[in-house]
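Structure record follows, encoded as structure tokens.
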Amino acid sequence: MRTGKEYLEALNDGRRVWVGDEFIDNVATHPKTRAFAKLTADFYDLHHRPELEDVMTFVDEDGVRRSMMWFKPTDKESLRRKRRYHETVLRNLGAGAAPRSPDVNNSVFRTYVDDPRPWSDQSVGTDGRDLVPGILEFCDLLREGDLNAAIAFVDPQTDRSRDSAQAESPNVHVVSTNDDGIVVSGVKSVATGAVFADYINLGTFYKPGVTSEQIVFAGVPANAPGVTMINREANGRDGEETEHPMSSQGDELDTTIIFDNVFIPWERVFHLGNPEHASYYPQRVFDWVHYQAVVREMVRAELMLGLALLITEHTGTYAIPPVRARVSQFVGFMQTLKAHVVASEEDGFMTPGGTYKPNVLMFDFGRVFYLENISRLTAELLDLCGRASLVFPTEGQWQNPEFRPWLEALQSGPVGRPHDRLKISRVIRDYFMSDWGDRMAAFEGFNGTPILLIRELTIRRAEISAAGPIADLARSICGIENPERPEQTEYLAQAEYARLQDSAAGR
Amino acid sequence: MRTGKEYLEALNDGRRVWVGDEFIDNVATHPKTRAFAKLTADFYDLHHRPELEDVMTFVDEDGVRRSMMWFKPTDKESLRRKRRYHETVLRNLGAGAAPRSPDVNNSVFRTYVDDPRPWSDQSVGTDGRDLVPGILEFCDLLREGDLNAAIAFVDPQTDRSRDSAQAESPNVHVVSTNDDGIVVSGVKSVATGAVFADYINLGTFYKPGVTSEQIVFAGVPANAPGVTMINREANGRDGEETEHPMSSQGDELDTTIIFDNVFIPWERVFHLGNPEHASYYPQRVFDWVHYQAVVREMVRAELMLGLALLITEHTGTYAIPPVRARVSQFVGFMQTLKAHVVASEEDGFMTPGGTYKPNVLMFDFGRVFYLENISRLTAELLDLCGRASLVFPTEGQWQNPEFRPWLEALQSGPVGRPHDRLKISRVIRDYFMSDWGDRMAAFEGFNGTPILLIRELTIRRAEISAAGPIADLARSICGIENPERPEQTEYLAQAEYARLQDSAAGR
Amino acid sequence: MRTGKEYLEALNDGRRVWVGDEFIDNVATHPKTRAFAKLTADFYDLHHRPELEDVMTFVDEDGVRRSMMWFKPTDKESLRRKRRYHETVLRNLGAGAAPRSPDVNNSVFRTYVDDPRPWSDQSVGTDGRDLVPGILEFCDLLREGDLNAAIAFVDPQTDRSRDSAQAESPNVHVVSTNDDGIVVSGVKSVATGAVFADYINLGTFYKPGVTSEQIVFAGVPANAPGVTMINREANGRDGEETEHPMSSQGDELDTTIIFDNVFIPWERVFHLGNPEHASYYPQRVFDWVHYQAVVREMVRAELMLGLALLITEHTGTYAIPPVRARVSQFVGFMQTLKAHVVASEEDGFMTPGGTYKPNVLMFDFGRVFYLENISRLTAELLDLCGRASLVFPTEGQWQNPEFRPWLEALQSGPVGRPHDRLKISRVIRDYFMSDWGDRMAAFEGFNGTPILLIRELTIRRAEISAAGPIADLARSICGIENPERPEQTEYLAQAEYARLQDSAAGR
Amino acid sequence: MRTGKEYLEALNDGRRVWVGDEFIDNVATHPKTRAFAKLTADFYDLHHRPELEDVMTFVDEDGVRRSMMWFKPTDKESLRRKRRYHETVLRNLGAGAAPRSPDVNNSVFRTYVDDPRPWSDQSVGTDGRDLVPGILEFCDLLREGDLNAAIAFVDPQTDRSRDSAQAESPNVHVVSTNDDGIVVSGVKSVATGAVFADYINLGTFYKPGVTSEQIVFAGVPANAPGVTMINREANGRDGEETEHPMSSQGDELDTTIIFDNVFIPWERVFHLGNPEHASYYPQRVFDWVHYQAVVREMVRAELMLGLALLITEHTGTYAIPPVRARVSQFVGFMQTLKAHVVASEEDGFMTPGGTYKPNVLMFDFGRVFYLENISRLTAELLDLCGRASLVFPTEGQWQNPEFRPWLEALQSGPVGRPHDRLKISRVIRDYFMSDWGDRMAAFEGFNGTPILLIRELTIRRAEISAAGPIADLARSICGIENPERPEQTEYLAQAEYARLQDSAAGR
């Protein structure tokens, strides 16, 4: 299994990266990027910690010990084992300070390998080439090297008020094809963490008006000729570990990638040219990513509950009943997220490829629940802190003997050591009142599939329709006969191979 | 097993019942009560429906087929079986039109029989009598007769601003004791469904200032001399099945019971005289009731989703994307409630008496989630209906040939038969815009343990405290050492037998 | 000025009215309708109360003392005088127990008389007849007789998913025209209070697909041949004044009116045939109605605050700080509504007809604020009541000497007489937990213009657009130049005479 | 009138200031502070802009032209004039980028001069000295020099769970007294903007357990011997005007001030020693500050509406109806805040000192409305932006010719210039997704009087009590007699001079 050191060395591969106005010569060493590179290295090193071996690794069918990120769950128990792995990574990396860690990025491929045949068969413009061997080979390559393939699916925003705008977009598209492969040009707008990855997992979302040329799913090395990664300002605070315990761990960045006549060999092309195929994947390819997202949100809710307990205990407000009632909201927040995780595992199903997959609706609505409540609860946590989230001394002030007696008195409450309150305040400030924290919050909102799209896709499902069984109880109470189930619905008209990724039952 | 007919006959036992200003001679036949008596009879008859035998009944260790309400879950699978039973009752009785059906009322005794010893040992003023045989014998009596024991725990509201008010309250209290039993006088304020029960399950909640005399847990026949049940107005609409499909099913009533020198023999006394013991039970005795409450709320959420789908389909608004997004909220509402049910079962634990009990925090916060969202979602459902919840013809108008052509045109939409829309509208009106429905909503709010008390009790638990493991993640992220766990906490100071009803682990 | 007695006598005019399945021979005396007829008579009698003369009446330019409902505000002070009149009516009629009282109904005509010329000039199919004299004469007729003209604008719901459905709707439409007038047939779906009115104020809302024949604005006597009024069930509780202080005041009903070949003479036709003209009026004709609606909502908020204070004082919870904080929410609710009323008056403007009209956006968003918060605050009020909104004795039980001692003890708190708590509870139950109250709440939601339509119409205004001055501050902060204001916008393309009803400035 | 240049020169006065770990030699020139010093200088220079003369200045009774910050409103029109002044400052200084500008700070003294007598008469420990001349003279001093006196009222947080903690707090307190003045030591926890002020306006809030020694109201020069100002990290981004248009304007800082044996002469002492007097001022001294706060929030709501319009217009989502409905929420947000401002002015009253003061409840609940909705609306604005609030190029990337074509395509929508979208995005990021913006949001929450305290103080008012006239409507509807008004209430027991700052009527 890869070590952190090996990972860092691999980053120095000539990739073209800009962060803000600076060109980054080496991602592993440049002050704008080295902290997050180090955090990703920590991810790899976690797998080598003996006390975590059972959680972080498994022995595969060939007797090889591997990272749990390559583990395929085949029943509920093994899915839970996978969850414990994700949880352990999250708890050790800042309670979700690296939302696009390699275990998350690579989880997309679970859907590819589960049933790769349609990816190839539905392609257009491949002259009949079979893409399946390439898909499998690429997944092997990732697993053998413990590599990290960043997701680059988000297309440029176009004028949403007319469908024809899509064809004029600078989206990545095929410019030419030959016997060896394809050449693409264009932009992917947001590829979170791409700067820290080995490969770019190129894909696209269906939108009305998208052209066949814009439908490209493929694997591209981060240092491929013609690839340039430009990034917004970095929110990390390099070297400020004491004052900024979270943001000093670095910023994974949200990269815009320019592909300028990039060649991709056929064996790295997963799918080509079929908008209908692309339409099946805005939600399904990200299912495993979203499952992990709810696990992450559950862990973050636990952190928020803990912070609410610690800070109110420190300031003494915890003893006041109405404050306790407010703190208990965080218990409920955590319980509800946990409920979605546990229930999605309990109500899982088997995919065509023999994977035990958690119930999709259940974790999707866990994520919806989080997003609908997080801004309110963040405001509540900060309100419980009062000034303690903002007005507190720096470490330098604390260490100044002239100030210390005053500052100790200011930080003293009924419980806990004064200096500990500083530490609590710093984490709360970094997580909820900073550039770094705000970006983290924004990321939860748009990673993969936004809420409104989840809502729309949900309502299209066979089981959620007035004609479907979900309304049988209402019909029975109203004294209305059940309708004949339609032979064919909008949902059933979708390719069956795609629907099989939703659940094994009920269609 | 009892039949509906047997149940109805048993109601005519001389009990003293007033509904509004009327004295009820026979609960089974008086127009103010007969509809709900009939609904309860339906409950019993469900157990005799052959096609439901597997769901509604079980064969006990002695080979006797019994109602599933007496079934003791011993593992997760049997708990789920119990849930399916509750669900079946709910779906067949108006999606929760009888919140205090016998299976719910009697579930309180699951906690009594699970570990009856402390109930007796902690008593004060029993002259050393062993109450355990009486508890077990009473539970046998209920089971053998498939009886229904209504919960009468809610004490008079006193001046909440001073603790001394409690001693002056007209609460039920012991007025004398002799060799045969005790004599009690006083009032229980709210005993939902008591009018329709065989027995009154007398109990009390701890409040600051409560006296030893006010602590009485016992079983009292509904027709015991000295017992008078006075009820608010009934919200049922007797005989209006067509126009009022829900409220015509009757009103379970919220009874105020006056005990005027009522004699209770020792073998029906479960506990006496210890306020501390009473303090352990506001939440724990109602745990099974609350578990069923979340199941009920999940079923009701399914009904609401179904109604939202049916009415928007009928009026055609379902085809409009923003309406679909709003309807999808009900999918989320149902999913989240289901998540709490499933996860509470999954994370259950074994009690001292060998019962497999669902995770208490998980279902408690399911109920909190419901209560925090139901008024918003009710308003949303009514808004999706527009006028269809209010302005629609009566059946008489519909049948009038002069009006029919106009009314058919008014009720026609893109999907469904015009007359069906009437049926949907009637259910929505009854459930969400009526005396009957409003009482149903209010009942959810105060049945058993109100939200604020759940919040306060939750925060007192060992596992939810700043010193406890729940804050370990926050401490780790903040870089603060874990504290030494206290030998003794407020929570641990509680009697262990009570804590063992919370969960088997983690203290 | 009309007396209540005169009003009641006028109701017995042969009008064809059905309430539920019953035919009403005389609205003034039938048990289903007489209570609300009496309440409307009370409205008229209020004008004859000497101590209210200054508030309820004014002396017009001809020296005639008239009801303030005919008063035309010409500046801010006189607008406030008008508001005091509406407030007085509201406070004396159950804090809004009659939302469609004559002063509200007739306020629609303020817009007609303000600028009647376009109503006539824009008509289609009138063969050049001048409709202005008829409009003015009809308004005179109403004023001279203190009549009541109910609004009948709401058209049948059609399939919202396709515009073509509108033409197939059973909406009222012109079936023939001759020298004397027009003949109309069809249905108006909801004409609140029509049963209690002298005239039907027929009108229509623009919808995509509406035909010229469906555009009819006219005055029709309630007893015109061919007019039949069918009503949903009545929610009033005739004769139950003690137990049901609010619902015993009757139900104004939401009437569906069938027009079966009804003849309307030309002098009662206000406008005919122009969908574009109709499109200007969904919001504007109802402006005065909506202004009064916010006044009504402000009064109701004051009632809710008062009830919250009274019930928590009675039960003693008022002494508990977190309860006080919750009660203070109702202070805020009332203040914010009052703010919208006061500010809309302060920022009023002069119409073409010399009326001083309150700021439309300001009162519209007052109504939006009410609707967005009322279900939450209703739930909050009921939660503050606890069981006191539901479980309390009837008057008969209270008067029963056997029960009285127990009941007095149950209703006693730190402040107030026990029997008073009953009275408070009854009002709360009637207003917020009953058929009657739920209908009242629903009415607020759909009277005139629903929220979503207000939102959409608002955003179309000239002053609320990215190009308009409202975004100048944002542009200035962003360092972006102000755009050239377009010569013509969607908003400006509307007939100027309609825009002049929005405000005098800023276009 | 002071110029910006004069102001900046005055800052170099030897004051002892730390920002984070750095000592600031000269606030006007140090990179950590110079940007905000410049912004404050801009405030002064605004008064010298000829085109703003009418708005920014007035001619006093002596014929001297002065800053409007010294203007005393004596009727509604002059209060509105004062508001226009505040608005102009806000619009020119970043829509509220300097919440504690001099006009805000100094507004506190409006209450002092309005009725200074009680401040002196209620004092304890002044040996009968008359403090009134000193108060008036200090106010003259401020006015003559156009000085800026920062508010330093916020005391150390102590253990909120026991009142005795207050006496042990390091709060500023009198350590000795002599003929010339007093000597104080201790800490003020949060004195926003103190670093940029000429004087510290020392005061205190009443808390249970506060001692007489801790009650000190006085004026202290920022550079007085013994005064040290230590500050949290600065959130400003010095010199980054292009990339960070808001945060580059500097951070006003929230200063903790240490008073180490600071001498204050008697003529700068406003009040001493009376906790009861202090209890009247947590709300009243800040009334003018809070009035301006609602004006500021109204201006910020206008900015948010403008930003929502601009960004959705740019991305084209504005054309989509559900997006328009969401944007219209910001219209409502602004209207409701404006309603509170306008109505508070309209319902103002005359104070004892002849000031026309806006209605306190009205602007207080405007602020409550803002705080209860701002986190939801901020989340909504960011959601409307989608990725546009986070992922966009830096100016350097934009200017790079290699990237420009791609970036222009990425930033192009149906309306507006591509580079303008960058500018909009930068403002949104700075205001709502940054250290700087988060601090701004937090400041609104705790400036002066937190919401819960406003709620509690409101409910104590005479007019808001169950016995008071506010419940008369409820009593009338319930049929309950009005109580005799108590001769004396908790509220009336307060010093009348304090109540007169609430309103002239209704006690």
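When the chains are written out, they are named A, B, C and D in that same order, and each has its own residue count from 1.
Heads up, the rule we're going with is that a residue touches a chain if its C-beta (ideal position, glycine included) is under 8 Å from a C-beta of that chain, and two chains touch if they have at least 3 such contacts.
This one's a predicted model, so the numbers in the text were calculated from it and none came from an experiment.
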Between subunit A and subunit C, the fewest touch steps amount to 1
Interface of copies subunit B and subunit C: same or different residues on the two sides (over or under half shared)? same
Taking each chain's centre as the mean of its CA atoms, subunit A sits from subunit B at a distance in Å of 41
Shared-interface residues of subunit A (touching two or more other chains) are 318, 321, 325
Within their complex, subunit C touches subunit B through residues 18, 20-21, 154, 156-162, 165, 169-170, 187, 189-190, 228, 230, 232-233, 243, 254, 256, 258, 315-320, 375-376, 378-379, 382-383, 386-397, 402-403, 406, 409-410, 413-414, 432-435, 437-439, 442, 445-446, 450
Within the complex, subunit A is touched by subunit C residues 321-322, 325
The subunit C residues in contact with subunit D across the complex are 91, 94-95, 245-246, 299, 302-303, 305-307, 309-310, 312-313, 318, 321, 324-325, 327-329, 331-332, 335-336, 338-347, 361-362, 365-366, 368-369, 415, 420, 423-424, 426-427, 452, 455-456, 458-459, 464-466, 470-480
